[in-house]
Amino acid sequence: MTTETLIGLLVALPIAAAGLALALRTLPRARDVVTIAALAAETALAGVLLARTINDGTTAVRLGGWAPDLGIVLIADLFAALVLLVAIATILVVEVFALGQRRTPWGANPELTGPLLLVLTSGVALSMLTGDLFTLFVAFELILVASYVLLTHRSEAAQVRSGMSYVVMNLFASALFLIGVAVVYRSTGTVNMALLAERLPELDEPVRVGIGLWFLVVFGTKAAAFPLFSWLPDSYPTAPTTVTAVFAGLLTKVGVYVLVRFHTLTGMETLQPVILVVAAATMLVGVAGALAHNDVKRILSFHIVSQIGYMLMGLGLFSVAGIAGAVIFFVHHIPVKTVLFLTGGLIEEETGTSRLSDNGGLAMRRPFLAVLFAIPALSLAGLPPFSGFVAKFALIDAGIDARSIPIVVVALAVSALTLLSMVKIWMGVFWGAPPRGPAPPATEPRRRLLVGATSIGVAATLVIASLAGPLWNLSERAANELLEPTAYINEVLGSVTP
Amino acid sequence: MPFLILFLHVVAAIAALALASRSRAVAVFVAAVAPAGAAVWGLVALLDPTTTRSSSFVWVEGLQLGFDFELSPIAALLTLAIGAIGTLIVIYAHGYFAHPEPTLGRFLATLTIFGASMLGLVWADSVWTLFLFWEATSVTSFLLVGHKNANANARIAARRALMITGAGGLVLLAGMMVLIDATGTHRLSEMAPTTGTTATIAAVLLLVAAATKSALVPAHVWLPGAMAAPTPVSAYLHSATMVKAGVILVAVVSPVLGGTDTFRVLSMTLGALTMFWGAIGALRQRDAKLILAWGTVSQLGFLVLLFGIGTAKATFAGVAVLAAHAVFKAGLFMVVGEVDVRTGTRDIDELGGLARSMPITATIAALCGLSMAGVPPLLGFPAKEAAVEAALGLAGTERLIIGGAIIAGSVLTVAYTTHFVLGVFGPSRNGTATTVSPGRAALMVPAAILACISILGWIFDGTTSKPITRAAAALNAKADVYQLINWPGATQAFFVSVAIVIVGAILGAARSRAQLRVPATIGANAADTALDQTLVLARRITARMQHGSLPVYVLTMAFVVAAVSIIFVQPALEAVGDMTVADSPGQLALALATVLAAWGCTQVDSRIGAALALGVVGLAVTGLFVVHGAPDLVLTQLLVETVIVVGFVIGLGRLRRSFPETGARWRQVRAAVAGLCAAGVAAALIAAEGAASSATAPPTERLVAEAVDEGGGNNIVNVILTDVRALDTFGEIVVLAVAALGVVALGRPALVTPKTPISPPTREEVRA
Amino acid sequence: MISVHSPIVAVGVRAVTPLAVIVAAYLFFAGHNQPGGGFAAGLVLGAVLSLRTVAGLYEPVNGSKLMAAGIMVAAAIALIPAAIGGGMLDMVVWSGELPLLGKVKTGTAAIFDLGVVLIVVGLVDSVLDGLGTDDIAIEPVTGEAR
Amino acid sequence: MSLALVIAIAGLVGFGVHLITARSLSRVVLGFALLGHGAVLALLGSGGPAGEPPLADRAPVGELANPLPQALALTAIVISFGLTLFLLALARRQHELTGDDLVEDDLEDRAISALAEAEALRGHHDD
């Protein structure tokens, strides 16, 4: 299989499988087999793509053979391949978890989850692989529409209410995205990102910076960056665990991913101070919210916001070390965040609630669950030797190199506060006296699947930590490619076919 | 070898965890093997100082992260202490925990891992390794302090300990990064002495870090609270491990940063203050364990003071006190634990007559206590003697201040030692003897061993001082001439020592009789309040940032858009003059109609009316499509508009007819922000128009030609949709399908929600 | 159910149905050369469905099967070229003479458009099902049920 | 893009934003319809001035309107169509559940705010 075909397959295969799974929606066994098989295949494809990209470099595909200024180009560079593999593997783990959680009040509806997760997968793949700004919009909409439905499909009161915040904010952002595309197309005559990389820097300073800021707002909303983050902590906790886990791991990260892609490709270094301020504010408000709330899912949701700040910090430094830090942060954060939500789901399975006040003493009853929580929690707080440490360390190192001391101080302080909020969860859920009242334990066979999926996720985070050396090398390479995008541009434009 | 030993610890921890519920004895044995191994290795290394033992494992090469271990003589000495005391602690724990103890496995496992972290810390040669194990001790000690977590006090104390030491770890990280910047290497052994501003910053950061870990004033507050832990933990934590981490840090960086005044002055001040405050704290307590805990604080201050002085003699004295302290403090804690287990209390007001009922224990306590007080024939004496000599060896004002501080501190040490020994083993206040349950060998033997070591260390002072000299020389090469002297004769320092002991003993005896007020816990309360206030502050910020009101969120976003668009204003003003007003009169009319109809949408009160207004907007927009030359858009828009308007009517037609009212002021804010946002969008579009140039004109001609040839159609838009940009269409139809699924799911929840168990099974159901 | 069970409406709707189908077919086939295309065709067919629903001639079913078929058709067009050695979404053009319509150029793009039609019809069906129901009163509110 | 078009777009966006900040979901849906129109017009206008319909056999290539933005706009129309329908369904469901279609505040957030206010008050008394 050529790399070109591979890239196409990564986008189209999940959609085809989604159609099949939807057609089979009333046949549970077949539907689940299709979903899992498709996700497994997708993971394998992403793995192959990464291997090929490491060896052969960036590959672009012109769909239908149309020239890049007319048609759509898909392109896989190291950054895309790396993040994509992690993202898709994470979805696979969550789907396994979902299989176990279906018949509970917290479970997502199986008839929809499978197909929708597949659509989401395709959207994620497309948004990472596309070399076209408008197709990026379509990819966003794929992800978002799937997430809207995943969030609200049980149509319970809390979900519908929070779904509003989510849908309305994101639709607004989508409208702004389109207006942004219009501005870009009018001023440069193209929506191809490689061409934009050549043409945007030629624009007058205010227009160029304005476009950069505009997309900072658009992608920042998707990424839940300050001050446009408020929709996230309201909506995520209300969804079924499976759904939240996927959202937590992926959606905001796609926003940041695109931000990194677009702003490095179009050379928006001028925005450095703005991005750094946004990054610091995002870290702080996120961690404040995490400290303020008293529900595991809420706390974790605020941490999504907080951690987005770290990735933005990497981008904001606009140095190889900083961007490489952001890249490795992606690789670490996607699985860690997802796994944390999965353990949140396991807590819910055990006690029927994720509220701290209604939990307690779980470390005695479920010591293994405590371990499953502790590892990603410490990783999130950036303690060694877990994956989060490497990522945060890289960012802080980059910050010191760049002499951006304020952001370094904020990053360190937020690390400590993150630890405090993890301690809060730990003391509320795992320590103390068990809550009074009926605490229905989950039935064994299903629990095994749930714990199994979570364990695989936790193990994956440990593997990432142990492979941090090679991963860092890749991240540095990816960062070099991002900051010096000639290979990317040449691969897309190459010799323009007549 | 370091890796092997660490691995051994991990294996032992897992094995202990797994075996504890089956065979307690085996679990204890397994858990004792690992630290014993470490002790042996440390001993071997001490006896054979010729070979340096270092090993590395690269983790992240690009970031210079890795595990770099080097067994310097000081590390070997500490390894021996950690390993040997660790082994004794495990045996002691076997006696301490009542049979049967369900948490023993967890306890042993955590203790073993904690020991391993401490070993890693003393072996660390690169700063990352140091940081890694530093934080590892923070986390494992959190688990140990909170071991009895059903107790709220234990949880709070654990949180306090973790947050202070963990945050200190981050300061350490920052300080180390600055230090790397100053010295150019991340290997501690390769760092050259450095001065200057960077070094000063590093010195401050590192001392703050050391203060958190080694419980220096004012970060000492976590240490007495850590008494919530089971006594074996306290014994371990306070003697050879954890709290020594900061001291070791000061000792290790002292050769590098000792040249900066900041480092010397700050470390000596912190040390002296802590020495006093800790000793006074110890004198205040009535809880035997707390007396010892505060005593530890005082001793840590003493150590930091010694290492801060930086002279060879002081360094030598520091290492000697470090070793002596590890031995006697572990023994004393074991004694307290035994008293606690056998009498059920640690309050010295309730204890009485223990000297008679627990003679062996009392002897052990007396020996360890005398060592702490610096009385011969015990190891503490030559160590204290060396310290006094070091102080007297200084010159000028330093001699006066530091000498005075050390002497005064030593007096207080003797005082609280007396207070402790008399309080616990002396006659009780009301004269009744405390009831004592039978002794257990496992509780007594380890403490007895430690007491013996204190004696033997004094007797064979030559043997004892060899490793101490070597260790000190590793820190300060000039220290290799010093050694411990068990009987110095009539030197100046000896007379000072005698005076210290006499004055201290009188003070302590007096204190023990006196009824003083309740111990102050100001510091601990302040720390907890600070943490709680952090939470309160977080709640305030969150209340301000996260109102939970969607309109506010949307408005914030619209405002941000308007703010961002300010940058477009200037280019827009430049460009607006060159723009055509309208491509055709029809366009102008339709544009105005569109705006008017849009305004109508906001004004109409009834839903049906609004739907109609929306229809009008749609028609006007369709008209704009017509005049723009976009027939496909026209067709699609008309069809879509119809469905939407119909959907609006059938979907919401049954609702209350009029819209709810909102406040007038809120309406004004909304209108203003919406207007700004609209202006921003206009500015952006006009600026883009101005930026457009013929050079970037779209390749329409090529597109048309290729669409006809390769796409096989004359309708270019359709060719684009189904061929050139088919992927967009592909995505678009999937979006449609998923949206439709969502509509069904929301409209027909019964179809979607699982039919089988909607509520979780109850306990009874599960049992059945 | 939103239905107007009037015989006159029913007759009218019955009469309109074939006409609308023809219009839809025209839009679909003309789309490549004239304004039109799969989306428009699908919506016209959808309009027929909604009219028939209103008239009580049609009971909306869950349109997910149609949509699933549409997705699979489109995905097949996207993937098959890749499977036989081309690139994804490579479109093939065929031209030929047909009675009545004259010279016709068509290709895989048309099949792709057919997928669009299927999805749009399924969508309308789903939306009628989802928005048009009126069983608010009897519906259990699952959120509160537990 | 002509000024007339810019005015139309700005008007649609302005009134659209005003509507989506309303508490009533029907208004929010309306607002999105307007925003959608605005975005589609912006895309259409970004292709340059008006022209003949882009049908290859009807007019010389030079006179045709730029077809690419039209295709983009069409995609945008269809996507916003689907999402508007979804939003309608959401509004309807909200009405079923609460008897009204108002956007409610998030309960947890309100609880935290209330707590913070109470703490602030207590702080005042302590001073």
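Should a chain be cited, it is by its letter among A, B, C and D, assigned in written order, with residues numbered from 1 in that chain.
Everything that follows uses one rule, which is that a contact is a pair of C-beta atoms (placed from the backbone, for glycine too) under 8 Å apart; a residue touches a chain by one contact, two chains touch by 3 or more.
As the structure is a prediction and not an experimental result, all values here were calculated from the model.
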{"item": "Pair joined by more contacting C-beta pairs (A-C or A-B)", "value": "A-B"}
{"item": "Chain centre separation in whole Å, for chain C relative to chain A (CA means)", "value": "34"}
{"item": "Whole-Å gap between the CA centroids of chain A and chain B", "value": "26"}
{"item": "Centroid spacing, where centroids are CA-atom means, of chain B and chain C in whole angstrom", "value": "59"}
{"item": "Separation of chain B from chain D, taking each centre as the mean of its C-alpha atoms, in whole Å", "value": "44"}
{"item": "For chain B, residues contacting two or more additional chains", "value": "539, 542-543, 546-548, 550, 554, 558, 631-632, 636, 640, 643, 647, 651, 681, 685, 688-689, 692, 697-698, 703, 710, 714-715, 717, 721, 723-730, 732-743, 745-747, 749, 753, 758-759"}
{"item": "Overlap residues in chain D, where contacts from two or more other chains coincide", "value": "1, 9, 13, 16-17, 20, 38, 40, 42, 45-48, 53, 55, 57, 68, 72, 74-75, 78-79, 82-83, 85-86, 88-90, 92-93, 97, 103, 106, 108-109, 112, 116"}
{"item": "Junction residues of chain A, two or more chains touched", "value": "11-12, 15, 18, 22, 63-65, 70, 105, 134, 138, 141, 145, 148-149, 152, 154-155, 157, 160, 164-165, 168, 172, 179, 182-183, 186, 233-234, 292-293"}
{"item": "Touch-based graph of the chains, sorted into line, ring, star, complete or other", "value": "complete"}
{"item": "Sites on chain B touched by chain C in the complex", "value": "631-632, 634-636, 639-640, 642-643, 646-647, 650-651, 654, 710-715, 717-719, 721-723, 726-727, 729-730, 733-734, 736-737, 739-741, 743-751, 753, 758-759"}
{"item": "Of all residues in chain C, those that touch chain D in their complex", "value": "33-35, 39, 123, 127, 130-131, 136, 139, 141, 143"}
{"item": "For the chain A and chain D complex, residues of the former touching the latter", "value": "70, 134, 137-138, 141, 145, 148-149, 152, 155, 157, 160-165, 167-168, 171-172, 174-175, 178-179, 181-183, 185-186, 191, 233-234, 237, 292-293, 295, 298"}
{"item": "List of chain C residues in touch with chain B within their complex", "value": "2, 27, 31-40, 43-44, 46-47, 50, 62-64, 67-68, 70-71, 74-75, 78, 89, 91, 93, 95, 105-107, 109-110, 112-113, 115-116, 119-120, 122-124, 126-127, 129-134, 139-140, 142, 145-146"}
{"item": "Residue ranges of chain D touching chain A (in the complex, touch as defined)", "value": "1, 9, 13, 16-17, 20, 25, 28, 32, 35-36, 38-40, 42-43, 45-48, 68-69, 72, 75-76, 79-80, 82-83, 86-87, 90, 93-94, 97-98, 103-104, 106, 108-109, 112, 116"}
